[in-house]
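The data blocks that follow each hold one structure.
Consider the two complexes below, in which chain A is the common component and chain B and chain C are the respective partners.
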Partner chain A sequence: MADRAQPLSARAGIWAAAGVAALIFGAFAAVIWRAEAGRGLGPSDWAALRFTVVQAALSALLSVGFAIPVARALARRRFPGRRALIAVMGAPFILPVIVAVLGLIEVFGRSGWVSQALGFLGVPPLQIYGFHGVILAHVFFNLPLATRLILQGWQEVPAERFRLAAQLGVDRWAMTRLIEIPMLRKVVPGALAVIFAICLTSFAVALILGGGPRATTIELAIYQAFRFDFDLGRAALLAGIQIVLTTGAAVVALRLGQGDSFGGGLDRAVRRWDATSRLARQIDTLWILLGTVFLLLPLLAITLSGLPGLADLPSSVWQAAATSLLVATLSTVLVLLLTLPMAVAIAFGRDRLVEVSGFLGLAASPLVIGTGLFVLIRPVADPMALVIPVTAGVNALTVLPFALRILVPRVKDIVEGQSRLALTLGITGQNFVRLVLLPRMRAQLGFTAGLATALSIGDLGVITLFADPDIATLPLQIYRLMGAYRMEAAAGASLLLLILSFGTFWLLDRGGRGHAET
Partner chain B sequence: MLRLDDAVIANGAFRLQADLEIPAQSKVAVIGPSGAGKSTLIEAIAGFLPVETGHLLWNGREITNDHPSTRPVAMLFQDGNLFQHLTLAQNVALGLHPDLRLSPDDQKKVDAALDRVGLAGFERRKPADLSGGQRSRAALARVLVQRRGMLLLDEPFAALGPALRAEMLDLVSELVSETSATLLMVSHDPQDARRITNLAVLVAEGRAAKPVDTEQLLNNPPPVLRKYLG
Partner chain C sequence: MKTIAGVAAVITITGVAQAQDLTIYTYDSFVSEWGPGPKVEAAFEAECGCDLALVGIEDGAALLARVRLEGSRSDADLVLGLDTNLIGAARETGLFAPHGIEPELDLPIAWADEIFVPYDWGFFAFVTETGQNRPTNFQSLADSDTSIIIQDPRSSTPGLGLLMWVKAAYGDEALGVWEGLADNIVTVTKGWSEAYGLFLEGEADMVLSYTTSPAYHLIAEEDGSKMAVAFDEGHYMQIEVAAKLASSDAPDLADSFLEFMLSEAFQEIIPTTNWMYPAKIPEAGLPDGFDTLITPQNPLLFSAEEADALRDEALSEWLTALSR
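Let's look at the complex of A and B:
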C-alpha cells in the first residue's frame, strides 16, 4: 500500500520505538546470557514462583469479585458525590505503593485501628505481615481499577436495553441474566487478566508486607539475590523465569482486555428503572459505603499520622525528595520525547508499534530490566554511579504503554481532521508540530506528564537495586526509616510523598487543561 | 383512549406542552421539524421521561407516574430492540415472561407470533444472523405477544431501504388492526405517514398539537411544517 502524503514523517517515532525495543530486548538478552540455568531451581525459587502465581490469581479474583457489586451499585444509583467517588477510584493508580501500604498498616496492622477496635471486644489483633497482607494491599490497589473497568462495561450497555427491560418489567434475576451477565462475560476476563499481570510484577508490596519463604514474589527474590547474596547468576535466572511468566500473562491480558480505565464519561448516570425495592437500595448503599471506606480509610490514616511528623522532617528526607523530583523530571521528559513521535507514527498507520510497545510495557518488569541493565553496565562503568539516569529510564519505560494509550487517539483525531488542510497550506514538519499538533494536545500532554511524574516520584522498584547508602529517592528513604523503626518520621515523609505525587499530577494535568480546546 | 391533560414534559432543559386526546384504535403519525420534541412526546408516554405537571390518562385511568412496565405500552426503538445473546424465540418470549419460564401454551404463542411475522423456523437463530428486516420482524413478534393497548414507534425502520420499510409499515398496520391496538409513530417521511396513519399530531415550537387528519395536515401544512417538508 502506498502511503498517503502526510504533514509529518513517521521516522522519528519508528526510531523511538526501535530504541525502546532495543533497550528492553538488550536487558532480556543480558539476563538470559548471565542466568546460570545449569544450577536449576532451588526449593526457595519454586516457593517464590508458586507464591507469585497464587497471590496474583487470588488478588485478581478478589478484586474483581468485590468490584462486581460495587460497580453494579454505582451504575444504578445516583447520589451526591458519585462523580467525585468515581474520580477518586482513579487515584490508586498514581498513589505511591509505600504510602498506601503504610496507611493499610495503620488501619489493619497489629496496633492499627481495626485491631484496637477488636481489642475492646477481647479479640486478638490482626496480623498484616505475610500472605494475606500482600493480598489485602493488592485488592486495595486493584479493586478500584476493576470497578472502573466493570463500570465501563455498564456504561457501554445501550440505554435502549434498560428501557426495554423496564418496559418488559423484568425482575432482578432476569435483569442479571439479560444484561449483567452478558456484559460481565465481556469485561471480566480482561479485568482478571490485567490485574493478574499487574500483581505478578508486584515488588514494593511484597518487600514491605511479604518476605520469608511463604510470601516472596519473584521480583522480591531477584532483589534478595542481588542485595543480600550478590548472586548475579541466580538473580538473572529468576529474572528469566519472570520474563516467561509476565510475557505469557501480557499476551493473555492484551488479547482479552479491551477497555481502559482512562476512558471518560464514567460519571454519566444512565436513567434506570430497576432495583427500586428497599432491600436493593440498602444493599447498594452498603456496597458503596464499604468500597468508599476501604479506599479512603488508609489515606485518612496516613494523613492523620503524618501531620505531626511533617513539621520536623530529617534533612535526609528533604534530600531524598529533591532526588525524587530530579528523577521524575528526567523520566517525564523522556516519556514525552519517546511517546509523542511514537504516537505520530502510530497515527500514520504504523499500528503494530502500539502493540509491540504496549506489550513490552506490560511484559517488562522493572526489576528484570534493572537486572539486565546492571549486567550490561557493570563491565563498562560503576552501576551505582548511574542510579539516577537508570531509575529515570526504567520509570519512563513503565509509563510508556499508558502514555501511548492517552496520546494516540488524540493524535489520530488531529491527523484525520487537519492533515489535509495543513498539507494544502504547506504546514509540514516542525511547523505542523508547533502550530497544529502541540497546541491541540495540551490536555493530553498535561495528563501524560502528570501521570509520568507522579508514578516516578512514588516508584519504589529498580532504585533498590542500584542505590548505595548515600543516595535515596523519597520512597526508598521512607523504607529505610521504617527499617530503622522511625515510624513517625516515616509517616511524615509518606504524607510529604503523597502531597508531592498528587500535587505534581494535579499541577501538570491542570496546566494542560488551562487552555484546552474542546 | 389516551389523554394528555395539560401535560408538560421535561427532557433536560427542554419542555414540551401537550393537551390532547388520541382516540382508541387510531393510527397516529407524530410529525414535526427535527429536534422539536417528537421523541420526547413518545418517551413520556412510555414512561421514560417525567411528566412535570398535568396528567396522562389511559381509558380514564391515571398512568402519569406508572413504571414503564405497567403502562399499556409496547415500544420499538431506533435500534437495540433485541438482546444479541438470546435466540429469537427467547427474545419474543420476554414479552410474555421476563424470566423466560414458559408454559407449553406460552411456547405456542411465541411460535405463532414468529409465524405471523414470517419468521417460522427462525426460533433458534440469534439476531446477529439476521438481516435488518428480519430483526424488525422479530421485534414486532415480541410486540405481538405483549398484547399492549398501544404501540409506539420511534423510527425503528429508519435504517431499512424504502421497499423494505414500506413492507414493515404494512405489517405494523395489519398487526395493530388485528390486535385492536392504538399506534403512535414518529415519522420523518410524509410518505410513511400517509401510508398507514389516519391522524397526525404536529409537534413544533414546544407544543404537541391536537391530532388532525393526516392527509389534510400534509396537503395544507402550516408554515412551520411547510418549511420542514420543503
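Let's look at the complex of A and C:
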C-alpha cells in the first residue's frame, strides 16, 4: 500500500515519530551515561524495587479480581443509568491523582467517613498511609479500567452463543465453564499486564500516601534522590532500573493486551437466559452498587469539602491554575501536531510506528524522562527556567499512545474511503488535510484534545523535579498546601482542579462532536 | 506566529521570578502566616528600606538539596533553616560564604563558625496529649503500641535530629532500636508541618517535634492540652542556622540581615512564632508560658563534624530498619 500514489506524504509522520523516539532514547541514554553505581543498591533500594513490583502485582490482581464480578453484573443486567455508569467508569482516567487521593483520605482516612462510622461501632479507625493506602488508591483508579476491559470481553461473546446455550438447557455452571471462563482466559491476562505496567510507574499516589522507606516506589525513590540529596548519579541509577522494569512490563502488556480500552459498544447489555434467579440478581445488584459507591464516594467527598474553600482561594492557587492551563494548552497543541502526521503515516502502511510509539509510551516513565532531560539541559541552560516547556513536553509524550489509538482508526477510514477520489480531483498535500482530513476528524480531534488537556492539567509528576519555589502547577500547589497543612485551601483548590480537568475535557470533546453532528 | 510570540512572552513572565533586593530560602513553617516570616519581613524592610522575599522550600534538608540543585544559578542570597547536623554537608558544597559579623549569643554551647550564624535553638521531643501515660524512653516506646509520626531524615531537620538523638543515646545499638520502633511509626512525612498537622488531626498518639511546641498551644491558643514527654536518655538539641550564599549579588545586604537576625527586633519574634528558644535572649526575657515547659536534664548534641561523619551510617541504619 505504501508504494501506491497517495494524496499525502508519510514523511511528516515519520519525522514526528523519529523526534519522539530521539527524545525518549536521548533521555534514556543520558540517564545511563550519568548513572553512578556509587554506594550501589542499598537495602532500601531493594526494598523500593520489591515494593514497586509487589504493589503493582497486588493492585493488578485486586483490580481485576473485583472487576470480574462487576463486569459480569454489568454485562447481564439492564437498568436505567447503565450507560451513564459505564461512561463514568472512564472518568478516573482523566481524574487528577491528587484530587482522588484527597478524596480517598476523606473517605478512608483515620478521621474520614468510614473511620467515623466504625467509631460508632467501637471499632478503631482505619489507617490509610502506607502499603494498603497505595493499593487502595491504585484499585480505585484501575478497577474501572479493568471493568471496562473485561466488560468488552463479555460483549464480544456473540449473543447467539448465550441463546444457543439456553436452548440446549445448559446449566449455569456449564455456561460459565464453556463460555465465560474461556473468554476470561483471553481477556484477563491482558488486563492484568496493562494495570501492572501502569502501577509500576506510580508516583503521585506513593508520594502522598507512601513515602516512608516501607512504601517507596522506584519512581518516588528517583524523586527523593533528586530532591532530598540532589544526587543525580543515584537518580540516574534508579532511573536505569526503572527502564528495565517498565520495558519488560511493556513488552508483556503489549503482547497480552489486544483491543482498545475505550470500548466501543459497551452500552449493549447481552440478553441472558441464565442468571435470572433472585439470588443471582441480588448478587449482581450488590456488585454494581459496591462498584458505584466505591467510585463515587471520594468524588463526592472532595466536592463537599472543597465547596467552602472555593470561595476564597489564595491568589497563589489562581496563579497555579493559570500556569496549569498554559502547560496543558502547549501540551495539547504538541500532541496534535505530533500525532496527526503520525496517524497519517500509520494509515499509509507504516504500522511499525504504532507499535514503537505505543511501546515507548508505556515504557517511558515521566520521572525517568524528567531526570534524563535534566541531565541533558543542565550543562547548557538552567533547567528550572524551562519548567513549562519541559512539563508540557513530557505530558504530551505520556498522552501520545492514547492519542494514536483514537486517531489512527479514523484516519485509516478516511484514507481508504477518500484517497482515490481526492487523487482524481488533484486534491493532495495541504489541501487534502484542509478539505478532506480535518473536517472528517473533528470528533476524534476533540476527544484527543480533551484527553490531552485534562491529563496535563491534572499531572503531578515531572513538575516536582523542575519547579522552583515561585512556580507551580495547580496539582503541585495543592500538594504544597497539603504540606503546609492548609487543608481547607487544598480541598478548595482540588475542587477547582476537578472542575478544570473535567470541564476542559467536556468542552473540547463536545466541541468536536457538536460539529460532527451538524 | 503572533500566538507563538504571545505564548513565549507568557512563559517568560511566569518563568522568571520578580527581582527582589534580598531573597531568602527558608523552610515552609517559617513563612506561614502564623510563623515568624511576615513579622520578620516587615521589621527588616522597615529597617533597610529594601524589598525582602522569604521563599518557603519544604523542610531544612530538602532546602539544602534545593540550593545544591540550583548551584551558583540560585536566586537566593541567604539560606535560613539549616542546623548543626547539616552544616558539614552545606560547607562541602562550597556554595556558602563567610559572614562578616561578630555574633553575641546566649546559646547553651560555645559558638564559633565563620559561615553559619545561629538564630534559635531547641530540644527535640515527642509531643502528645496532656495527661496521657506515654513511654518515657526509646526502649519502652519500641515495646509499646504507642503510634508515632516522624519526619524523613533525608528531607527534614527534625527527622535527621531524631536519627542523631537515637545515635547519641544508643551508638552501635541504634539499628536495633530502629527495628523496634518500626512498627510504632504510622507514617514518615517529608517535613515537620505535615507531621504536626497529621498529629493534630488525630492520626497518631505522638509526633516528633520540640519541647517548646506545647507553648504554642498554651500561648497562641490558650490550650493546655499538649505536652512534651521527657525522655530518660536525654534530648537531642537543635541549633538552627542561617548563611550567606557566595553567589549572592547583594552580599552587604545579606550581612545586614544576618546582623538584624541577632538583634532584639528579630529575636523577640522567634519564641512566639517559631516556638524555639531565641539565640539571644531578648531584654524582656522569655514569654510567659515557657516556664511551664520541660527542661531536659541531659542535653545531647554532636558537633557539626561528628554529625556529618555519622550521618550516612545512621541514615542507612534507619533505611534498613524501616524498609523491612
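A few notes on this one:
Throughout what follows, the second predicted complex is superposed on the first by the 512 of 518 C-alpha atoms of A that agree within 3 Å, B and C clash if a C-alpha of one lies under 4 Å from a C-alpha of the other, contacts with A are read in each partner's own complex, and residues count from 1 in each chain.
Note that contacts are C-beta pairs under 8 Å (C-beta built on N, C-alpha and C of every residue); 3 or more make two chains touch, one makes a residue touch a chain.
Please read all numbers here as calculations on a predicted model, not as lab measurements.
Of the two partner chains, chain B is the only one touched by A:178; chain C is not. By the touch criterion defined above, A:244 lies against neither chain B nor chain C after alignment on the C-alpha atoms of chain A. In the superposed pair of complexes, A:323 makes contact with chain C only, with no contact to chain B. After overlaying the two complexes on the shared chain, residue contacts for A:117 are found with neither chain B nor chain C. Looking at the shared chain after the overlay, A:170 reaches chain B, while chain C stays out of its contact range.
Applying the stated contact rule after C-alpha superposition, one finds that A:161 touches chain B and leaves chain C untouched.
Common to the chain B and chain C contact sets on chain A is no residue at all. Interface residues of chain C, counted against chain A in their complex, comprise 7, 10-11, 14-17, 25, 28-29, 32, 55-58, 61-62, 65-66, 68-70, 73, 75, 152, 154-155, 182, 185-191, 193-194, 196-197, 200-203, 316, 318-320, 322-324. Within the complex formed with chain A, the chain B residues making contact are 46-48, 67-71, 73-75, 77-81, 83-86, 94-95, 98-100, 146.
Put simply, chain A touches chain C in their complex at residues 42-44, 47-48, 109-111, 127, 129-130, 211-214, 216, 224, 226-230, 322-323, 326, 329-330, 382, 384-389, 468-471, 480, 482-485, 487.
Residue ranges on chain A touching chain B, taken from their complex, read 158-161, 163-171, 173-174, 177-178, 182, 271, 273.
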